[in-house]
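Pasting the structures in now, so scroll down.
Below are two complexes that have chain A in common, paired first with chain B and then with chain C.
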Partner chain A sequence: MKTRKTSPAQHVSFLAHRRFLWLKVSGALCVLSIVGYVSTDFDPVRNGGTWYGYTLGVIGALLILWLSLLGARKRAITAGHWSLKGWTSAHVYLGVSLIIVATLHSGFQFGWNVHTLAYALMIFVILSGIIGVFFYVYIPRRMSDNRAEMGQMDMLKDISNLNAMLDDAAQPLSDKYVPIVRKAIDKTKLGGSIFRRLSINDARCSTREALTYFQTEMRNVEAKERSEILDMISVLERKNSLLLKIRKHTRYKALLQIWLYVHLPVTFALIAALIAHIISVFYYN
Partner chain B sequence: MANKYDIAVIGSGPAGISAAAHAAELGLSHVLLEKTDHLSDTIYKYQKGKHIMATPDQLVLRSDIDFEAGKREDILARWENQTQQGELNVAFNSDVSEVSGEKGDFLIKTKSGETFNAAHVILAIGTQGNPNTMRCPGGDLPHIQYTLDDPYAYFDEDIIVIGGGDAGIENAMGLIANTLLANRVTLVQRADGFPRAKEANVKSLLQAMNEGRLDVLTQAETSLVEDKFITLNVSDGETRLPCDRIIARIGSAPPRKFVESCGVAFASDDRMAYPILSPTFESSVHGLFVVGALAGYPLIKHCMNQGYDVVEHINGNVDLKPADEPLLAEKFAKLPGDNDVSAILEFLRQKITIFNDLTSLQMREFMLDSQVHVFKKGDTVFKRNDYGSSLFSIAEGIVDVLIDPNDSTKTIAISEGEIFGEAGLISGRRRNATIVAASDCILVETPRNSARKLISTVPAVETRVNQIAVERLLSQIFGAGLSKTEFSAVIADAEIKTINAGETLIEEGADDTDIFIIRSGSMLVEKHIGGKDVFLSYVSAGSYVGEMALFEEGRRTATVKAAVKSQVIRLKGAYFESLLGANPDLKAKVMDELSDRRAMNAFVEGQKSGFDSVADLYGARANFLIEQGLGEATDALLIDETLCIGCDNCEVACAESHDGISRLNREAGQTFAHIHVPTSCRHCEHPHCMSDCPPDAIHRAPDGEVFIDDSCIGCGNCQRYCPYGVIQMEKTPPKKPNLLSWMLFGVGPGPGQANKAWTKKTLAKKGNDAPKVAVKCDMCKGITGGAACVRACPTGAAIRVSPEEYLSYSKDPTKAKA
Partner chain C sequence: MTSTIRNLKRSPTGRESIRERDYDGSELSFGRDIQSDVQLQDLSVALKHAKLRYDETGEVFIDISAGQKALINNRIRTGVVGPLQVGTKVKLGIYLITLEAPTEKSKLVAQLEVAEDISGTENEPDEQSVFGLKRALPSKRIMAWAFAFVVLVTCLVLPTHINKYPEGKVAVATPFQADLFWNSGPISLLHSNLKSDCQSCHVKGWEAVTDTTCLDCHTELKDHAKPERLQQSTPLSTGFEAVLGDVSETFGRPVDRCTSCHVEHNGRAHIMPSSQSLCSDCHADLDKALPDTELLNAADFGTAHPQFRPSVITSPSFDKPLYTRVSLDKDPKGVSGLKFPHDVHLSKTGAVAKMASTLDSQYEFADGVGCLDCHSEEAGGALFEPVSMTNDCAMCHSIVFEDDEGYPRTLRHGEPKEVIASMRDFYEAKALGNIRDAEMNTTTRRRPGRASQIRDLNRRELAFKQAENRTIEKVEAIFSEGGACYDCHAIDRPAEIATLDFKVQPISLNDAFYPLSPFNHEQHEIKGLSCDTCHSAETSKTSDDVLLPKIEVCRDCHIGEESYREGGDFAHGKFPTNCLTCHAYHDGEHGKDNSKD
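And then the complex of A and B:
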């Protein structure tokens, strides 16, 4: 039995998967829904209560359920000829088509009720998804350029090497400088809270503090100590620019994940609201 | 004069101990001479706590000493015990340097000047050899050591590491890993660079040097060692450095020289060759026997059995059947007729031409590794485009080669006694034809490693296999329609040439017209445009290069270089020309391919300035990928960093599909122009990892996957041999709670490779004695849908490709993504 599936010989993005197959499918779904909507005569109002409304509602609800299954598909690595890339491609395009399908289903009858809550949550999930796709398209290349062919581990290893060099460079300096260098070595933080991860410039970075300090100090020291201080500054500058690089990297990584922290929980809220919506329409009608 | 013994056993590995124990049991006077101050140095040097395996399972142990799978410490302790109880006469610290004399009267001398007299000598010194020692004055001072067991054992010392191979570099890097220990380390290397070390090692060494964490002296040689100082000869004179400790890692000498000095003849000059031995393990010197790893049997059980057997032989038991007899009998069970093992071995040896010159001991060894197949008329032996590198020999019957994939009536017969499958063996690539049994047949299938061993140790076999391989390859490419005489003229002219990686085969602008058929390896085609070498294409084994000059006024239009070490068959251009003249079909075929290549050249030339930078980038990327091992890959994982979001779902998927260990490290590995080559197996044409696997546990599956089966004993050789660092030695982690209970209730560590803490905790609960074995990518062999890393990538960043697909130049260079 041949079990190997050969992938295409070149890289193809999930957006262009199978020559934009899912873009086409989703486009067709939208066009059909609109054509159906305008060509059907409704009385008295166009909304989910008509047979056409029911049809679109069911399609919409099934789509939402299927879209929610992506999380399970991603984690259940079973055998078989599926590709997560294909799933993502379909997810993205069909997800967007929900804007049309669900809106037409509602017949634009919005109000302060659980129906519209479900709708709003759905739109929220979709918007966050679109932002996610934007990040997926925009960030990877920049993240790769920023890393400049280094890996995350390489960068962290370089930091510890630079720390060792700071240690060396501090040896010839007079004792009063030692605490500042030690602080730059021991107290420089990377990562942390989500806000820290998203900001590139850590205002309280002890390496930067040390750098500014020594740059000012240059003006005050005697000529014979100057060359040692210069050495120290050059190492601090290297560490500082590497820190910037790492912080950018961390920020990119955080951006690639942060939207999912909206997308996923709101999906659960959406499903709850949707169930409430469906129960309520059957209960009250 | 010292005592005279019946038997002197040299080397106290499993083979030696077992021999001495049996001599003791039989009451023969004996001495066991061991170089070190402990038993079994090879096993002694295994990592602490290593789990030693007792493969092959079916083989019975025949020894007076016990052995079963278990911890290194337990096994060594037990052997120690039993040598004492069995009253073995062991002489430690007896490093034998000379064996002379003859049967009945051997004289054995040790380095320290002791002598021993013996009627028989059993050499059981293994294959580890001796580390090369320092030769300069002071080279015997006590602060020189040849191993580094614990890099954290030293504090605040000036340490000189000598030797720029992997061992030296790894030791030096280990010594500086912990800065708190404040050692000052200098690495001294004789050559100008580090040609013998792995790329990754050299890179981290140079980086550490640039950061001032250690010193590196190249083109430097030690001229004097004194207490606290070392003097080095460097390019601009002499330098004397402070030095508390010297760690010399200057390679080790295989024991062959010593063995030859005892008069023992080897099968050939090849590095892989073993001593020539009789069925009773007697070497070319009467009364001198060779057993164990040195005789070519690297597993402990084999070694111990041989130690026992050889003493039986010496003691006059000529009817003793080797312990592996039942294994062979089982193999031969499906053969029709009488199943006497010796008779069948003899039958195979006589029937199959390449086995004719083998001794019966060699026959046994090859048949232990090989499979015997019985095929019915019409059965398919293997299919075109399967991967396979085993060699088939026909003991009985005839097979047909289907030479035309579209027409199953076009066949060539291969007759009894001949071989087939040699093309896959040589190129490491797919089978180039389907083979069908033309009558009922008995075939012997020898796996790649044993076949290569056979070829390289028996010169006659090498000549024969090469001759057949060249003939068949030529007839496959050019042969159809040639008359016998024309064909033999072409063959007579053909010549096999080996070219090293990076060496030029064809120089652009030169006026020679030879044609080269690539037999193994691969080539890069480049063209010189506007002062730069522009990459044109990648050509793999089975294709030919050099035909263009015939049609382009006899000038080479491009340069062809070897991407990896390769072998080509050279044909004279003139022959080829007349061949084409006589054969219009062939000419049409060649012209067709030619017009493609020509169009490409014209295209590249026409675009000179326009896509300069794109072409440059493309070429640079191709070179990068070749450096990363794609030149010898059959299938590699490549990640496009412009798509990768770093979600690591590829690793999760890998771990989920393979016992919870990811065989892929996405972060590690090199990147160039947004293409990242993660640390993951390339499934090399000629896998380096297979070079020295004692139980022969590494194989290539028909779809090309290089995989390790469960006979792995965890020796770590493959890990050392793989130049791309893709093999890990790991314990199988415990089973995790299922996905649903994690998703709903958060039970267990979740999908992917479990974190270390969880694994450790769970293993501790269950009793932690799983052995460490070699773990690597098997391309999801046997899993429907194929490579999980690719299937699980949400963005399309991860793909698996073969180099010929990936490196073929898209004619629209804008498609060669910038």
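And then the complex of A and C:
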């Protein structure tokens, strides 16, 4: 993956696209749905089975299908009013309006059934979307502050260089120090499981361990080895601060992607549940 | 005494170059230490790792430092190893030392090379695995399809399959009843025996629940009206509603089914719809759709309900009284045939109250006669039992006709023929008793003879004659003013009294003024309400009075659903009612008075 140069403004601008056009459209949809819901006389029951319920249901289902097409749309590049930015803007705002449309459609009747399953999955998708947008707004600035114009490849190259320097600096050291340095070189993990990525905690990082070790060791080291150890400490310090930067970067990158690991798969589950919902209400008519 | 190290290097293109170096002495030290003869720059090598040496006989040995190891001919060794053959391979860290044949100048010749690639490119982490999530999480696409698959199978395929083959292998093998996932809400309490049996109502897939299915169990439901009149009176849906109906039919949901009103799967609340408009849609303007209807238009109870029209008896009869519905506004009279002034009975000061007080100990009449002394509540409390002469009147209105030596003789109520017969029996029996007594007294002093026989005969004849006269007199008395029957009944007197052909005029008590909308008295037993709140019996002088409250009295407390919803002064402090508070739908034809004719 190439490191994309993205300015924060560019990331978030879809929210304000065309002066919040889609926010207005979505707000209007919500208000209309609520007014309709309150003013229609439902007899005898208020739920998806009334004409109004069916109307909201169809609107909701069409919206969901359209929202799901964003993935396909992302892969086709066009510009103008129907730019990807426009799509994303509409996607976000109309997506949120589904909370109102679908809830009114259900007539607030929930239970342990496919209908509520579809609803719950939808809420899940929407919440993950909202979280995603929040990350899009919140993270990019921090991310560029953190890496300060440094590319991802640059970071990895620097780590390799620092490892070579560690190797060099360790050559003259006593045998007892060598395994610690080797561990710092070989066992310093980058990336890793999703939990590691999300926490920047380095308590179990072997570079960090080596650094602490040598810093303590300085107190009882023999005079003749003192300057070698000081060299080692300075290299370890450099590596340690670069690692922190990389871990933060990894965390930001993970946050920017992880919500999509909910958003997209659950969208599929939602569509499946929706199909089951619609078929079931006509099958057991 | 020299030792030689031949240092072999390979360029990236594979070209080899060898540099030889000779050392003085029979020993060569290997290690990371700069002081070593041969410095090995590898962190897996110790500062002082090992020594190669040869002895006087020229045999070569390796001394591995304590705590260190070496791989000699692919075996891990420690301590002193040797003598070593030419060709022996000693591996220290990344370095490989191969023993070569001795030369003239050197007894110990070894080739040194780096045997492992140390360029490090291969353990350099790649960007995608460090920063991308692809390797930290399962693929989005796979998760997406897997989720969708699971949902489709459990929520669509299984339920439909089980519906088609309820006894099939799959149905038996699945531990849960898959079509219950489709249950859109709790079934009504009254149908809860069917709650896991979807197919009892959803008989065929894709087919909306049919009326036949409902009527399979509900066999006793009566038509609300004759079907053709029902249809005629239902307003044709127009405009939007007509379109909705058409759409609904297109999607296989015909309108006007049982389930159009009785919507299931909405818990207890909705299976019995009660909205006013369900009725008023047709009844508000019924006369337009059915010009010949006897029913008056009706809608909201507070504003658009006609005055009550109870069925009152216009012609009493012992077997078939004639009932007519008359509006309370017309001050209807109900002819029961009975003489019964409520006012006299309820007065706290009159003769009735006085008499009652004498019976207090027996009947708790201390404060005079009250409504409940004669009208007793039905079991359940909604209505009242019909007033019965023996139970409710006879305590005061005794129909004793003779006090027979302290033993009161009571007549059988309701059977005038038997009344007359038993009175005659009584007086004739008395006569017989008298004759017998007379004969017993005279036998001792009477001489037998024709004359005395004749006298006896005459006496008997006379006694029976007197008995008959007494009967006539007494019967006439009870059927005449002041007599026990006459008090309450209208009597047809015979032209010739001696025939004793007295007839009690028919009476009929109305025990259901509103047969299809029975009032519930029990629900109205609340503080502040008493019988006279609605029934002005205390001033009623005749039993013909219909003592039912007019609708205005009900409206003091109750108005309709719609007028209640509109609120305002009119609705202030009122209780809303809807049609079903008093009426029912499936209880038979309402178009005519169908309970009594």
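We adopt the following convention: the second predicted complex is superposed on the first by the 261 of 285 C-alpha atoms of A that agree within 3 Å, B and C clash if a C-alpha of one lies under 4 Å from a C-alpha of the other, contacts with A are read in each partner's own complex, and residues count from 1 in each chain.
Simple rule for what comes next: a residue touches a chain if its C-beta (ideal position, glycine included) is under 8 Å from a C-beta of that chain, and two chains touch if they have at least 3 such contacts.
None of these values were measured; they are calculated from a predicted model.
Enquirer: Once the shared chain is lined up, is A:13 touching chain B (first), chain C (second), both, or neither of them?
Expert: First partner only, chain B.
Enquirer: I'd like to know which partner A:212 touches here: chain B for first, chain C for second, both or neither.
Expert: Neither chain B nor chain C is touched by A:212.
Enquirer: Is A:194 contacted by the first partner chain B, the second partner chain C, both or neither?
Expert: Second partner only, chain C.
Enquirer: Identify the partner contact of A:117: answer first if only chain B is touched, second if only chain C is, both if each is, neither if none is.
Expert: Only chain C is touched by A:117; chain B is not.
Enquirer: Have a look at where A:171 lands relative to chain B and chain C in the superposition and call it first, second, both or neither.
Expert: After superposing on A, A:171 lies in contact with chain C but is clear of chain B.
Enquirer: Can you tell me whether chain B or chain C touches more residues on chain A?
Expert: C
Enquirer: Regarding the shared-chain residue A:269, is it in contact with chain B (first), chain C (second), both, or neither?
Expert: Once the two structures are laid over each other on A, A:269 reaches chain C alone.
Enquirer: Have a look at where A:83 lands relative to chain B and chain C in the superposition and call it first, second, both or neither.
Expert: The answer is first: A:83 touches chain B but not chain C.
Enquirer: Classify the contacts of A:284 with the two partner chains as first (chain B alone), second (chain C alone), both, or neither.
Expert: second
Enquirer: Name the contact category of A:161: first (chain B only), second (chain C only), both, or neither.
Expert: first
Enquirer: What residues on chain A does chain C touch that chain B touches too?
Expert: Residues 152-153, 164, 167, 253 of chain A touch both chain B and chain C.
Enquirer: Which part of chain A faces chain B closely enough to touch in the complex?
Expert: 2-14, 16-17, 72, 74-77, 79-85, 87-88, 136, 139-141, 143-144, 147, 149, 151-153, 161-162, 164-165, 167-168, 253, 256
Enquirer: Considering only the defined contacts, which chain C positions touch chain A in the complex?
Expert: Residue list for chain C touching chain A: 32-34, 41, 43-44, 46-47, 120, 123-133, 135-137, 140, 143-152, 155-156, 159-160, 163, 179-186, 198, 202, 205-209, 244, 247, 251-253, 261, 263, 266, 270, 273, 275, 277-278.
Enquirer: Would you pull the chain A residues touching chain C in the complex into a rising list?
Expert: Touching chain C: residues 1, 41, 43-45, 47-49, 51, 109, 111, 113-115, 117, 152-153, 156, 159-160, 163-164, 167, 170-172, 174-175, 178, 181-182, 185-186, 190-194, 197, 246, 249-250, 253-254, 257-258, 260-261, 264-269, 271-273, 275-276, 279-285 of chain A.
Enquirer: Touching chain A in the complex: which residues of chain B?
Expert: 179, 207-208, 211-213, 638, 640-647, 649, 652-653, 656-657, 667-672, 674, 676, 703-705, 739, 743, 750-751, 779-788, 790-797, 799-801, 805-806, 808, 810, 815, 817
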